[in-house]
Amino acid sequence: MATTKRHDVKDLALASEGVRRIEWADRQMPVLAAIRERFENEQPLAGYRISACLHVTTETANLARTLKAGGADVVLCASNPLSTQDDVAAALVDEYDTAVFAIKGEDNDTYYAHIEAAVDHKPQLTMDDGADVIGVLHSARREQLGDIIAVNEAKTKHLFDNRYGTGQSTIDGIIRATNVLLAGKRFVVAGYGWVGRGVASRARGMGSHVIITEVDPMRALEASMDGYEVLTMEKAASVGDIFVTATGDKSVIRKEHIKTMKDGAILANTGHFNVEIDIPGLRSLATDTREARAFVEEFTMAGGHRIYLIADGRLVNLSAAEGHPALVMDMSFANQALSAEYAIQNAAELERKVYPVPEEIDKEIARLKLETMGVDIDTLTEEQEKYLASWDEGT
Amino acid sequence: MATTKRHDVKDLALASEGVRRIEWADRQMPVLAAIRERFENEQPLAGYRISACLHVTTETANLARTLKAGGADVVLCASNPLSTQDDVAAALVDEYDTAVFAIKGEDNDTYYAHIEAAVDHKPQLTMDDGADVIGVLHSARREQLGDIIAVNEAKTKHLFDNRYGTGQSTIDGIIRATNVLLAGKRFVVAGYGWVGRGVASRARGMGSHVIITEVDPMRALEASMDGYEVLTMEKAASVGDIFVTATGDKSVIRKEHIKTMKDGAILANTGHFNVEIDIPGLRSLATDTREARAFVEEFTMAGGHRIYLIADGRLVNLSAAEGHPALVMDMSFANQALSAEYAIQNAAELERKVYPVPEEIDKEIARLKLETMGVDIDTLTEEQEKYLASWDEGT
Amino acid sequence: MATTKRHDVKDLALASEGVRRIEWADRQMPVLAAIRERFENEQPLAGYRISACLHVTTETANLARTLKAGGADVVLCASNPLSTQDDVAAALVDEYDTAVFAIKGEDNDTYYAHIEAAVDHKPQLTMDDGADVIGVLHSARREQLGDIIAVNEAKTKHLFDNRYGTGQSTIDGIIRATNVLLAGKRFVVAGYGWVGRGVASRARGMGSHVIITEVDPMRALEASMDGYEVLTMEKAASVGDIFVTATGDKSVIRKEHIKTMKDGAILANTGHFNVEIDIPGLRSLATDTREARAFVEEFTMAGGHRIYLIADGRLVNLSAAEGHPALVMDMSFANQALSAEYAIQNAAELERKVYPVPEEIDKEIARLKLETMGVDIDTLTEEQEKYLASWDEGT
Amino acid sequence: MATTKRHDVKDLALASEGVRRIEWADRQMPVLAAIRERFENEQPLAGYRISACLHVTTETANLARTLKAGGADVVLCASNPLSTQDDVAAALVDEYDTAVFAIKGEDNDTYYAHIEAAVDHKPQLTMDDGADVIGVLHSARREQLGDIIAVNEAKTKHLFDNRYGTGQSTIDGIIRATNVLLAGKRFVVAGYGWVGRGVASRARGMGSHVIITEVDPMRALEASMDGYEVLTMEKAASVGDIFVTATGDKSVIRKEHIKTMKDGAILANTGHFNVEIDIPGLRSLATDTREARAFVEEFTMAGGHRIYLIADGRLVNLSAAEGHPALVMDMSFANQALSAEYAIQNAAELERKVYPVPEEIDKEIARLKLETMGVDIDTLTEEQEKYLASWDEGT
């Protein structure tokens, strides 16, 4: 297919492999596929410009296809320099006629240039994983803000994407990068939000002794009641074998912690930016560094023991593995697609700001998903509806 | 001590055993104890009338003592006819000078007469587990409503009380009543709210193969992703060994389900009222009934097989065991105490209605609790505070 | 029924309650019931004297009934002074015509006098939970040894009875005695044999952070790989909230450990004798003791903090709860019954010593049990049998 | 280094990458490294010929280095055609001076020619993962049998290698091959031996609803008591999403099962040979096949639904992932090395046959491993030793 769209991708020759992989993912995204079919008929997004700043993966490709099927004019840039799958980027440009600006391993300047390209699209609607597009709009392009609706933060995202998706894919990334046995390891998870508890649950499921660090007392108490050991990072640092940050904050693992770590300690991040681990601090402590395995940098400390950092502290599940399984993204992206439709249908009434996804959309997605899983659930009888309603009335 | 308070309890001679048991619970409720000490000095509830309609247990006794220490005039009635511990009721009247209206096993008329006694107290503040007091006020005493603040529904209640407390105590109640081995049993939990997931988690922890039934697709999907089998009650009925309802709804297990159950099936409820299982329906199917063990009624069906109902379908954890462990209630009741204080301090500003507990109170409780558990957690560095704040500002 | 059997039980008037409870257990012991029916017809034990030294519980009663149905002349004494259920002892004497020597809480002299009574029975076959009868025979009655076959140590006992039965019932005993919340507790299990791993697994299932102590490196490594924290008792002592010994050894928890324990620490034993915790040592450290709750003794230490000991260090699951669930005992006791039959059938060939249970009996029991659970399993096809056989031949 | 050893590997140019990877593994195999150091000094295997038929991986390379350090003359061939890592094979030949006969993906003739090469080495000692070398010796070279000692089947292998190693690496292989989300999946494991229970435990840990099929009633009962659903393959076939065979038998998943499977069902094997799934049968049912992803073959059935087979039914953990983590193999291979030493030291007394590993070797390995993990355990006091000994004496 002739490619007329503007784009900046690594190599269009990778497109055919990308197509094959996008199709594999599509078979595991039946909810999004059903929505795409309806969108093709109804064209609910016709005439709208959408800028999406997301991880450029096979699943995102199927979202882009769905938005496009609905009539939207889509520009896609990467929300993370390391997570781009170049064959997928090529396939989107070459086969699915979508404008893509993303190259795996791009430097900082290129990364921001690509975000600029997404902003230049003058979107009426943004989808923004890391809020970078929104960030640019807020800081440098305030004049455009008035036109934009940003859709984000579906409940399903917290519940399913972060918890189940990141849980599995973080473990997957660590194992692929290091091939260490998790059974018997002291596995430290910093942060007990949805991501943290997903990782903790899966690490425990693989036989690790999981240790949680937290700053929020409610979450710390919850972690404790869930059977995890709760320690300060200061104490965890000297006993842990593997450390995963999942906080959204910065400098969670600092020089003072790294100094006390054991020989062979492994560090990874699955939160947001690669600032959760103080990497400059780590580097300053090292007398020598080298690549020990693909995605694993070895830091030799003054005392001769070694610390390992995975994927330069970037998202371990996207950098060292394939990111969320398609099935998880099916639900998240079905949400994004329906939310985009909802935002446009209600454009007149909605103020221009970030909107929560209406609960009914969440329920609809869940219902569709259970159907594709072959799981039947109960429905309320008339008597039950009445009983519940009388309660609501009564109190 | 001379007892001048109005009351209706079984036997004041039981008071000394009640005192011993209340003290045992008190040693496991250090957060509430700390609050009680402060209340004694500060008298924040002085001059206020409080009606509490709660399970009359050792832990509730320590809440009542705390409210009284703060200067309140407290009347306590039972929120459930079967859960009253008569020695505790006696001790509260005789030793702690509190008005109590509660007798274990009281009939329906007495139950409601006791609630009326709580309403007659003309409370400015109510604490109401099952909303019965509120129900009476709404239906029959609307003229009093204008004066009342009801405090309820702390986040800690959902998170800790329902999930961890009910989880353990429901399992405890079933084992005490039946002494069945849970390992290898098909354990059906109706409802995957906080209570249901607490029970499911503990049943799995005891080696059961847990099956969830739900009417809400989001919760059903979550149960499935948590690794449980999700079935309709129609399908679960014919394979389950043990059934526990945790829905808050009525007629969740109905005649059509009971008819297909296996010989030896055990039914229990840990939701709210004893209407979750259709007990009249069960009774109509039986050719014979007898008490098989304390708290266990045996129903012989037409075909000769037997169904067992625990505690007449009333809350199994309170009826057949001791209800929530003191440690869980420490947090819930510390919340109730602090919330009462908050409500009174802000009485001028607050409308007269049911109030959520301010999040800061939840955090304070959690902090106190972790302290008593000997668990240290991290605190944000100045740099981290700034980083998080800049995010909030930026977006 | 007129009672002509020799016996020493607490009160024959308790018999009717015992009968009701024995029948409840019997309904959950379908495998043993099937064997009893066959024994009645075939009388395989006719003319044999059996001395059983076992916990005198409802399940043991059903074993005794089965042995008697097979024609044996049975004498039963208690293997543990605290575990005897007096109503069951009465029922066995009064209703099931069995000689019983067991009184709950009997002193040491009576305990050994009762064992002597079992030895006086001049058994040809012994069943001996704690090896006390065998002990007496070895030390004081060596002349009788030549006649005796002892049956014990079925694989099913290790796998099911110890692991699943003791796991649940130990947790049950601790909760009944103390009503503490297990979620969030540091739960120390001394010993990672079958009993220890059963307890550890269930404590984890209730939300505890489980710590294992061991002396065997293989087991310690296994515990670690199963995700538990492994510590020395010295380190565990100062962090644990609950301690359970499951070693079969003595003085596992010693004065030096008790001295470092936290206020409120709870000690229990589920191994064998009440020597696993150094109770005289504990007592010598205390400035004061009292009963805090039924089965819970409170020791006030010099520093003012308190340690709690459950059931005087005797088996917590039998002393503070009801011992193994009937379903577990169904399998263990079906094994004992079939093993007795096997021993007698092969009496000519067998030497007089302790015999392992033939594996075929284990398989037969498992097959019967799965049948009663409604669980179908696969059978080897002819092709598969051949394939496996060719392997065995080939190597 | 000049390579004089006989060999048949893919490409010696791959050696340097192999060296780097072997060294990474070596850092996670501290026990084997300690043994290697001692072997270098003591030369306990000097003058012995060893033929090893093992998966040619980085970990095996470190075993070969250790045997060689001890003075042995080692020939290595592949125990599985798909598991060979060509860079490792090259490194062994080029850098570590070991004779290797193994090429990834070699055809059947080459595979057996390579085994012949190992037999031609006229080993006095064999190490044989799949018993193929032994098989050849038994069938075609019986004259050599008299000289050979085969060492195998360490307890540690069952406990750690199969359970913990295969558990994690099987899950890893499935995720790498398919990137499916395991949470919420019905995951069928055929066989509940050590491998099967390892896989089952990890699949449950990732949120799957695990279903076990078995032919052995004891194991089936154990699976059931561990909380798994136990079904016949006939019933499991129609509900499962993912199927893993772990039986050591053949035709466990047959045409009659495949016919009833759902669209999208995934099949994998982690037992021994690729005969556990009837692949010719699967192929005969398909109207079309293609590669859906690397290692994943898609079979389109007559009805249009698709079945996916991973790695042609060969060991999924070795074919689609990296096999056992080094840490697991550290222990298994430390065992092999010490067992070889033991066999040679006792060559005079030992008959020529397959020998179990002495328990003391297992304990020694476990002790060394715990040491490298930084885990301290208790030791028996003198009093305890005496107590335990008196027990042993007494009974």
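As written, the chains take the letters A, B, C and D, and residue 1 is the first residue of each chain.
FYI, a contact is a pair of C-beta atoms (placed from the backbone, for glycine too) under 8 Å apart; a residue touches a chain by one contact, two chains touch by 3 or more.
Remember, predicted model here, so these are calculated numbers, not experimental data.
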Notebook entry, point to check: What chain lies farthest away from chain C once each centre is taken as the mean of the Cα atoms?
Noted result: A
Item checked: Chain pair, A-C or C-D, that carries the greater number of C-beta contacts -> C-D
Notebook entry, point to check: If you average the CA atoms of chain C and of chain D, how far apart do the two points sit, in angstrom?
Noted result: 38
Next item on the list: Indicate the whole-number Å distance between the mean C-alpha point of chain A and the mean C-alpha point of chain D.
Entry: 35
Check: Counting in whole Å, what is the centre-to-centre distance of chain A and chain C, each centre being its mean C-alpha position?
Finding: 52
Notebook entry, point to check: Tell me, which residues of chain B touch at least two other chains?
Noted result: 164, 183-184, 204, 207, 221, 224-225, 373
Item checked: Residue numbers on chain A that touch chain C, as the complex places them -> 183-184, 204, 207-210, 221, 224-229
Note to self: So in the complex, the part of chain B that touches chain C is made up of which residues?
What the structure shows: 20-21, 24, 27-28, 164-165, 167-168, 171-172, 175-176, 179-184, 201-202, 204-207, 262, 264, 292-293, 306, 322, 324-328, 373-374
Item checked: Contact set on chain D toward chain C in their complex -> 131, 134-135, 138-139, 155-156, 159-160, 163-164, 213-218, 220-222, 224-225, 230-233, 235, 248-252, 275, 354, 362-363, 366-367, 369-370, 373, 375-381, 383-384, 387-388, 391, 394-395
